[in-house]
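Have a look at this one.
To keep things simple, chains are lettered A, B, C and D as they appear, and every chain counts its residues starting from 1.
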Amino acid sequence: MKRYFYNIWETITTLMIGLGVTFGHLLRIRKGNVTLQYPEERWPQPQREIGFNLDRYNVIRSRLHVDIDDCIGCLQCSRACPVDCIKIEFVKVDKGLDIGTTSNDTKKRLLVTRFDIDMTECCFCNLCTYPCPEDCIYMTGGPNSRKHPIDYEYSTYDRSDLIFRFSNVDPDQVARLTGQNELKVGGK
Amino acid sequence: MTITWLIEWVNDSWLGFLGLPGAFILAVIIAGLAIFGLVAVHAIVAVYVERKVAAFMQDRIGPMGQGPGLHAGKWGLLQTVADALKLLVKEDIIPAAADRKLFVLAPFILFLGAFIAFVALPFSESLVLADFNVGLFYILAVSSFGVIGLILAGWASNNKWSLYGAMRSAAQIISYEIPAAISLIAVILLVGSLNMQAITSAQSGTVWGILPNWFVFQNPFTFMAFFIYFIAGIAETNRTPFDIPEAESELVAGFHTEYSGMRWAFFFLSEYANMFIVCGVAVVVFLGGWQSPIPGLMTGRIWGLFWFMGKVVFLVLIMMWIRWTFPRLRVDQLMNVSWKVLLPLAFFNLFGAGIWSLWLD
Amino acid sequence: MIFEDIKKSLDQQFPDLVLVAGEDPFHFITIALNKWSRLARFLHNNKDLKFDSLHCITGIDNGPENCLEVRYNLFSMTHRHWLEVRIELDRTDPRLPSVEQIWRTADWLERETYDMYGIIFEGHRDLRRILLEDDWEGWPLRKDYITPEFYREMPVPKDKI
Amino acid sequence: MGVNKTEEMVLNIGPQHPSTHGVLRLKVQTDGEIVTSVTPVIGYLHRCFEKHCENITYQQVIPFVDRCDYIASMNNDFGYVLAVEKLLGIEVPEKVEYIRVIMAEMNRIASHLLALGTFGLDVGAFTPFLYMFRDRERILDLFELTCGARLLYNYMWVGGLSHDIPVGFVEKTYEFLDYFEPQIDEYNNILTFNKIFIERTADVGILPVDVAINFGVTGPNLRGSGLRWDLRKDETYSIYDRFDFNVPVGQGIKGSVGDSWDRYWVRVEEMRECVKIIRQALDMMPRDGDVKAAVPKRIRPPQGAIYSRSETPRGELGFYILSDGKPKPFRLKMRSPAFTALSVLSEISQGWMISDVLAILGSLDIVLGEIDR
């Protein structure tokens, strides 16, 4: 009998405490609100204490971008990729020809005819960006904002739009520079 | 403004050529439309309020919109309207294996149960559609009519989850009718009438000096009866912590798993209508109906309506508050609460109230 | 108990049980297939050993020319010692006694090994595929497994670009 | 009474169901509301993790390990890199160890928050779930600040970390801990000591300790059964021996030892211990040092096999790695704690009601990504 009434008493008190907690939140909604109203407000909003200042990032995981002019076709990124979403093909250029240098003053020896990244397969592990000797593959935004601004929505209507083709070499140029169509296909 | 008054009014107006039967039909249609309007508006407002209240309790801000166009009005005020429109134009799906006729019928039966109970609710001193002398009994009787709709819905869907939901809700509603009714009897005992207006009038004046002479304050037994009735009422409307018939995490959506579009909206509508009925009865029986909380102040027809609605909304808000705080009971615990806690307490209350009234005499 | 003691007590109980005992870089014993059932019961029940926790069952395919292998990692919660038991199996008809009724956790772990390698655990009460579909063909983790072109007439996806 | 039995019905809970925590299917045999047998059917999320690992290098395995237990990726990474480092025999710098411990414990809090929140959701409490997600979000924010990712981090590398912690991380973490500790009391007020919640979970799904060991149940589920067993204490790895913390166990405060409430309570208490560990680690952490100093250029472990285990929020995560001296693992077996935890479900949920089965499932805290791999 005592247990019966104790149970009722315990029920009433604990439920009242619970009601108190929710009521407190109901009253403190202005301070406690955590909703971010997406189209009006966007995520990195330091003034709202949600998220952090972009300068404070070490790294950001976002869309991959390649500065193709700096690429020397070393295939390091393609080898590092665990899901094989980077496809690179290149042509060897004759020794005498000059096809420019990268921003690190490395002389380019290979003409990258194809540099495709399938972002639908990308797992955002960031492993491809570390081995790059020229720092030309990186994820947009964050600490790399000055190289390429962030693609905030990063959404398309068509899946095929998520396959990014970076190479800007046209076939005529390949023939002119090499004099032959001997393509050495890279990638795994 | 009873239904008789309405019939006479129609008969006396330029529509008099219809004769008494025609006037009767017209009056019933007018009254029905008025109730339906009230139910619909209440549902729309209550859904909005519920979403906001829930959101605020959970540190969210709920439906929002900050301008015209695709947004649902400022502060999301038009959110439920938009939802209702969406439900209206949604595809109506009837599962191939369902019992077609019953499947179509079930939501209307459920809604009807909530709908016809409104007839006897006294909204104000003179605003009650049918002021019968068995008003309270009538409301209790017809509001359990809806359970037939629930069982039909669960059965006709031909879905195991729905069946479970329906069976649970049948057991639940039948169990909770009893403590609810017995706690109301404690008040009926004191008033000596089942007439809703008579119960309201019995609560005029003051008690303990300052408090209004409502039954919730009048004596300790009716005070307890109020809580018993309110808890049982929450159970009757299938809301958390007694929402086992639709128990989202167990039964997907319980009896309305297979429903969509407007048919589903009728389930929703009747849930909110049921909430209104339960709170309305609680207000009339325990909280002085349309009487002002400060006796003598702000009385009159319009104020009466205001007080009645205000009290109902207050109780509905408490229901929401409870819903968004508690976990759900298990089905056997639910029965335990009803039969082993609420029912003995209700009987004890009835007994106490009887002694109290004898002692007062 | 350290490994040497465990081995000593095993040698006492079952002479010529242990085929190989080595370090790779951790201690293990390789045993003959037919002794496993009795050994398991002994390891579980013996008071000094009391390997009450079977941690992991690993199936291994040593290549199309070599044998299949099953490795058991046993641990004693009371005495806190480890033992790795290795059993080598014939590739064409891999069978070994089940320990599902000794360590109940072996139930699912053995089913998983069966699912991936086709190793049949005799005496298991419910030996079905666990992760793959019941009608899956082949044993995926064997080294000579060839990915099918179709599964139930659905093509198996390939690289897009 | 015994004859009063209705026809049994098979109820398929899942693969699409609000409270199966992923794509799990439970074949439940029911007699009215009473459950007579439960058969979990798994594999809907099978992604050939182990087959995949045989075709990629040790470094590339880490993103896939992340995706196994996606709720506690840091802990999974930790377990994996410990195994590979043991195989390689490399020592990592002091600072790396501290950062790893901080990250692992933070993720443990985040994981427990999710476990408790969804457990609340399973028994019908919606609001605590959102409170817990709100706080989990702050941890994820900290992770995002550190490594750019919110869920699948790929932060711990073999021999080091992908990045040093950013400027202001330590302060932000202290701030978070100060904010978080009082929140635990709030969860207790709204959920843990709520009588309805106690009624739903206490004495429900009792898992006796011998059954737990025999079924290989580990982690908070085992501790909920009353056994003081935590790898961080009992088989210390990394630098856990330097910290002062307790191992909470289920004591049957509201029911019997090993019931669902105890498993819940162990997680609540563990969050407090995590806070303690993080505080100590932040205090003791060396402020400078190269986190990539010990990262090997090429990971080619010597021939051999290793079984290494670590304590994740779900229990003991074991990796059996067989190396043949090539840059790719010859065989990598992951022994996932949730796998064994789910296998005990059919044992402990017989005779309970449908609602209880889901409550027990919630209290076991499974992640289907790890079970199906």
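Here are a few things to note about the model shown:
To be clear about the criterion, contacts are C-beta pairs under 8 Å (C-beta built on N, C-alpha and C of every residue); 3 or more make two chains touch, one makes a residue touch a chain.
All values reported here derive from a predicted model rather than from experimental measurement.
Between subunit A and subunit D, the least number of touching-chain steps is 1. Looking at A-B and B-D side by side, the one with more C-beta contacts is B-D. The chain with its Cα centroid farthest from the Cα centroid of subunit B is C.
The geometric centre of subunit A is 53 Å away from that of subunit B, both derived from CA atoms.
Once the centre of each chain is set as its mean CA position, subunit B and subunit D turn out to be 45 Å apart. The geometric centre of subunit A is 41 Å away from that of subunit C, both derived from CA atoms.
Distance from the subunit C centre to the subunit D centre is 25 Å, each centre being the mean of its Cα atoms.
Residue positions 57-60, 324-326 of subunit B are each in touch with at least two other chains. Of all residues in subunit A, those that touch two or more other chains are 15, 18, 21-22, 34.
Multi-chain contact residues, meaning those touching two or more other chains, occur in subunit D at positions 127, 134, 190-191, 194, 196. Residues of subunit D touching subunit C in their complex: 42-43, 46, 48, 50-51, 211, 213-217, 227, 229, 234-235, 303-307, 309, 316, 318, 320, 322, 331, 333, 335, 339-340, 343, 347, 372-373. Residues of subunit A touching subunit B in their complex: 8, 15, 18-19, 21-23, 25-26, 29, 32-35, 37, 40. On the side of subunit D, the complex with subunit B involves touching residues 9, 11, 17-19, 33, 120-127, 130-131, 134, 190-191, 194, 196-197, 199-200, 353-356, 358. Residue ranges of subunit B in contact with subunit A, taken from their complex: 53, 55-61, 64, 66, 321-322, 324-326, 341. Contacts from subunit D toward subunit A in the complex involve residues 56, 59-64, 66-67, 127, 134, 137, 141, 144-149, 152, 154, 162-168, 172, 186, 189-191, 193-196, 198.
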